[in-house]
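There are structures below to look over.
The two complexes that follow have chain A in common; it is paired with chain B in the first and with chain C in the second.
Right, the complex of A and B next:
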């Protein structure tokens, strides 16, 4: 990691005003969504009358979970994101190990290929993959999303793991080799335990990126019981006469909470991982 | 060999590994690389080839039996029909404006967070959350925020007597773009800020010290010390943002659905409609090929700039 050399704040009012502005701009919309989600339908139809809702009820959450069965899309999202994350970490660890230790000469070529796929326009994948999944009878199947989401998870995973593995000194592995450990043992017993914090970060990033997908779920999942959370949100709270933002916002809150928890758990590492992934090219 | 081996300890590192070991490790490397490469070829390489192939054919799912080779017809439609030109102009302008706004804001945020102050961790956490939430969430959130009935903007505008009362933002073309821009900037500026911050943190302090001794003011130090050294980070951040801005889809789908009329349709939106609404995989394939070409051009331009300047 880079040495953090922050400069001391000059401590004037303008500076702290800017800081406050950043925090308010980032978080106030969340407050608005949260407050709206606690309004009931009658309150909502009266329009906005203040910063603080007159009534706080759980009515929209009851509707969300009972009528709209929102737990199903949440579970779908979690299942798909978790499967993709596990597959991408497994493939990513093998690839990174091969590129760092076994065939370092292939590193530039393989990493360039992986980077190129990361830049591939996601929308250009939709048509051909739709066709392929239709022929393979995989439309509306979790597998279609699990495989496709690797385009989000695998490139950044490999990129981060390569940067992590490169920082681990060879000594321990060489000691293992002298003691007669096989490559597999060296990888799983020696290298991987040392890389755990980095692998953890890659897992969180991968999970977030999969959780956030919309276009593939929209294109490949046709029945509501297979919708992921973002896709379900788009279909929430619609009626002929009114858009029920309280119910939509309840869905937004429920979908956002897992992400907030992950971000707060690993904010330092995510920031370091993002910048390592993008600056060490 | 024998003498080397007997001479001791360090030889272990110098000696080339035996042939069998090298072969074995190479085979193993192949096996280790295979899953990643095969998977990425299947989900990105295959679409590239299949789009290219389909773009020369007439292939509409709802017209079975009409598949045929049509040479460049899909591309001719693409270039000559206004159906493509308008979204192209929209997308291009949106990319330029959104990246410019987000870069300016992101650089400001990075410069602020580069200082040491109480609550720095809080700011970082606060800006990471918008970055991490699904784009659909940020779209819905801002759609609600600008809603003429239950939105904050409507209420706040009325409270300070702005003439925005009951303004249906999404009925107007410019106001629709404004909502899209705000939603996009809110979600993506933090990414730029964090990349630029990481770039700022590797600039050695001595250089600023030197500048100060030489009598350079804050602005001169920023322009002659910060900016040149920040260039790699700036380029990386701009490549990522330009590409993803150019491919904007989710926000458009959620907030405007391309409307009013088709005033906020972008290329990705057009492409998605061609594929899944019109089930026209020939024309859709041609749009995809065009998008891939533009993406490659954007990446090449930035890489060129990067190489020339460093």
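Right, the complex of A and C next:
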């Protein structure tokens, strides 16, 4: 008995150590970037430094917003992500509702098609879309990004909304039908209010998807005033003699904050939404 | 499955519109709901996909005479790709990247974490879940810089060199292991969350019974856990394999400039956008698409075989 307990105790000790290691491993890059972003240029030029910066200043953040106008790419990102999210939710709610309640027989076929699209290699899409937007004169236009992100946001949205709608019991809708509500009223007045938490998750995931994209923005947005935040980061802090990592890292911190806030607000729902979609499939 | 929801056959009640169509809506009406979404996906996905296939058999380029008058070159692009040692090396790098980081790293580590954390107290489980979720969800460009700084070469010494007191250019000297470690860090969250969700669906009595019968931890996993949640684990494996295969994030670490770390998407990007060889790039994309398809079919085959 004692031997078993002792073995279990050392096992647990090892386990806690491993957990600690994972936490350090996960946090360390974040810490390093945060610390670097508070360094000033002189400190940075000295090169090597310990784990703790000697001076903490906001100098690089001032440079970021004053010299590099980082607010513009942040605003671009927010605009594109918000538009995509609203459109994809609207179309996604309609599609998911139809698949769950109106034509359930089409559900498997449409869902498989939708899932297949989500795995189409991004790199194979860049070329043809580039030519299409060039001919339509949409290069450097927000619409190019909004439409492209919709291709990826909409399938994920539909997939998640389908699993959310099918969990809602039919009784209330049937009651509404008996009272003479139209399909549209049933959807917007009865079903949607019940599905709000799920719709919220879909919205967050869609927003994050747009906010995070790099390769489409890199290919379609050609002038710096239209860059999105991830693209702008790559062009930060470059000078002839030195790369100013403190300014890059300040940009990294600013770009990450909205995502961190969203995750902290809705972690539980994001996890539930992700696993619901995949477990059903 | 769809029929099971309405026990009364539609033909049995021809007069009652309510039961004939569960939402009292005609078929064209239902189509109106689905169309906007589908049209968008079809037009902007299927058309470019077909276009990729077409470009692959032309010598289309962004500039020069081939830009305005591309001509049909048959399978020449495919032949060129398959004889290009850099393309083949990109395939090898990609396969190593996928196998090392997704299949072995994320899948095994993610499941192990979920299995171990299953009984951990909430104060321990939740911070870990949040942390790994962060790594999974933050922008690729951001992740790229986090890790470029981490692996930073001398003279602007990066984190790893600072901690280890070494002077190693990690990404040049150990490109594949460096990328694998990076992608395990980035992607383990998804496998962990999915495995955790699947483990939660297991009735506790199953494991209880196995424990009482004297099964060791490994025996419980092999005989009880894996057979029950096999479907989810395989789905997870398919998702992370395809994601990693198509992943463009290594570009953000290397700037696409390190030969040993050039994965397939990066190489295709170079050919198409930097050398303006869109025909060749499209042929390579098509080959990549075929590999994706083979992976997906292989997964379906395994799923069907083990389902018996």
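FYI, the second predicted complex is superposed on the first by the 270 of 281 C-alpha atoms of A that agree within 3 Å, B and C clash if a C-alpha of one lies under 4 Å from a C-alpha of the other, contacts with A are read in each partner's own complex, and residues count from 1 in each chain.
The criterion applied here is as follows: a contact is a pair of C-beta atoms (placed from the backbone, for glycine too) under 8 Å apart; a residue touches a chain by one contact, two chains touch by 3 or more.
Predicted, not measured: the structure shown is a model, and the values here were computed from it.
Trainee: Quick one: chain B and chain C on chain A, clash or fit?
Mentor: In the superposition, chain B runs into chain C.
Trainee: Just checking: does A:250 make contact with chain B only, chain C only, both, or neither of them? Give me first, second, both or neither.
Mentor: It touches nothing on chain B or chain C.
Trainee: Does chain B (first) or chain C (second) touch A:64, or do both, or does neither?
Mentor: In the superposed model, A:64 contacts neither chain B nor chain C.
Trainee: Report for A:80: first if it touches chain B alone, second if chain C alone, otherwise both or neither.
Mentor: Neither chain B nor chain C is touched by A:80.
Trainee: Which partner does A:107 reach: the first (chain B), the second (chain C), both, or neither?
Mentor: A:107: touches chain C, not chain B.
Trainee: Just checking: does A:186 make contact with chain B only, chain C only, both, or neither of them? Give me first, second, both or neither.
Mentor: In the superposition, A:186 touches chain C alone.
Trainee: Intersection of chain A residues contacting chain B with those contacting chain C?
Mentor: Residues common to the chain A contacts of chain C and of chain B are 15, 18-19, 22-23, 25-27, 29-30, 32-33, 36, 47-50, 91-92, 94-95, 97-99, 102-103, 106, 110, 113-114, 117, 119-129, 131-132, 147-148, 150-151, 154-155, 158, 183, 208, 211-215, 219, 229-231, 233-234, 243, 245, 248-249, 252, 255-256, 259-260, 263-264, 267, 270-271, 274-275, 278-279, 281, listed in rising order.
Trainee: In the complex, go through chain A and note every residue touching chain C.
Mentor: Those in contact with chain C are residues 15, 18-19, 22-23, 25-30, 32-33, 36, 47-51, 91-92, 94-95, 97-99, 101-108, 110, 113-114, 117, 119-129, 131-132, 147-148, 150-151, 154-155, 158, 170, 173, 177, 183, 186, 208, 211-215, 219, 229-231, 233-234, 243, 245, 248-249, 252, 255-256, 259-260, 263-264, 267, 270-271, 274-275, 278-279, 281.
Trainee: Which bits of chain A are touching chain B when the two form their complex?
Mentor: On the chain A side, the touching residues are 2-11, 15-16, 18-19, 22-23, 25-27, 29-30, 32-33, 36, 44-45, 47-50, 90-92, 94-95, 97-99, 102-103, 106, 110, 113-114, 117, 119-132, 147-148, 150-151, 154-155, 158, 178, 183, 208, 211-215, 218-219, 229-231, 233-234, 243, 245, 248-249, 252, 255-256, 259-260, 262-264, 267, 270-271, 274-275, 278-279, 281.
Trainee: Enumerate the contact residues on chain C facing chain A in the complex.
Mentor: Result: residues 1-2, 5, 18, 21-25, 27, 29-31, 33-34, 36-38, 40-41, 44-45, 47-49, 51-52, 55, 113, 116, 120, 124, 127-135, 137-142, 145-147, 149-150, 155-157, 159, 162-163, 185, 190, 193-194, 196-198, 201, 232, 235-236, 239, 242-243, 245-246, 248-249, 251-252, 264-265, 268-269, 272-273, 278, 281-282, 285-286, 288-289, 292, 296 of chain C touch chain A.
Trainee: Show which residues of chain B lie in contact with chain A when the two form their complex.
Mentor: 12, 25-26, 28-29, 31-33, 35-37, 39-40, 42-48, 50-51, 54, 108-109, 112, 114-117, 119-130, 132-137, 140-142, 144-145, 147, 149-152, 154-155, 186, 190-191, 194-195, 197-199, 201-202, 204-205, 232-233, 236-237, 240, 243, 247, 249-250, 253-254, 268, 271-272, 274-276, 281, 284-285, 288-289, 291-292, 295, 299
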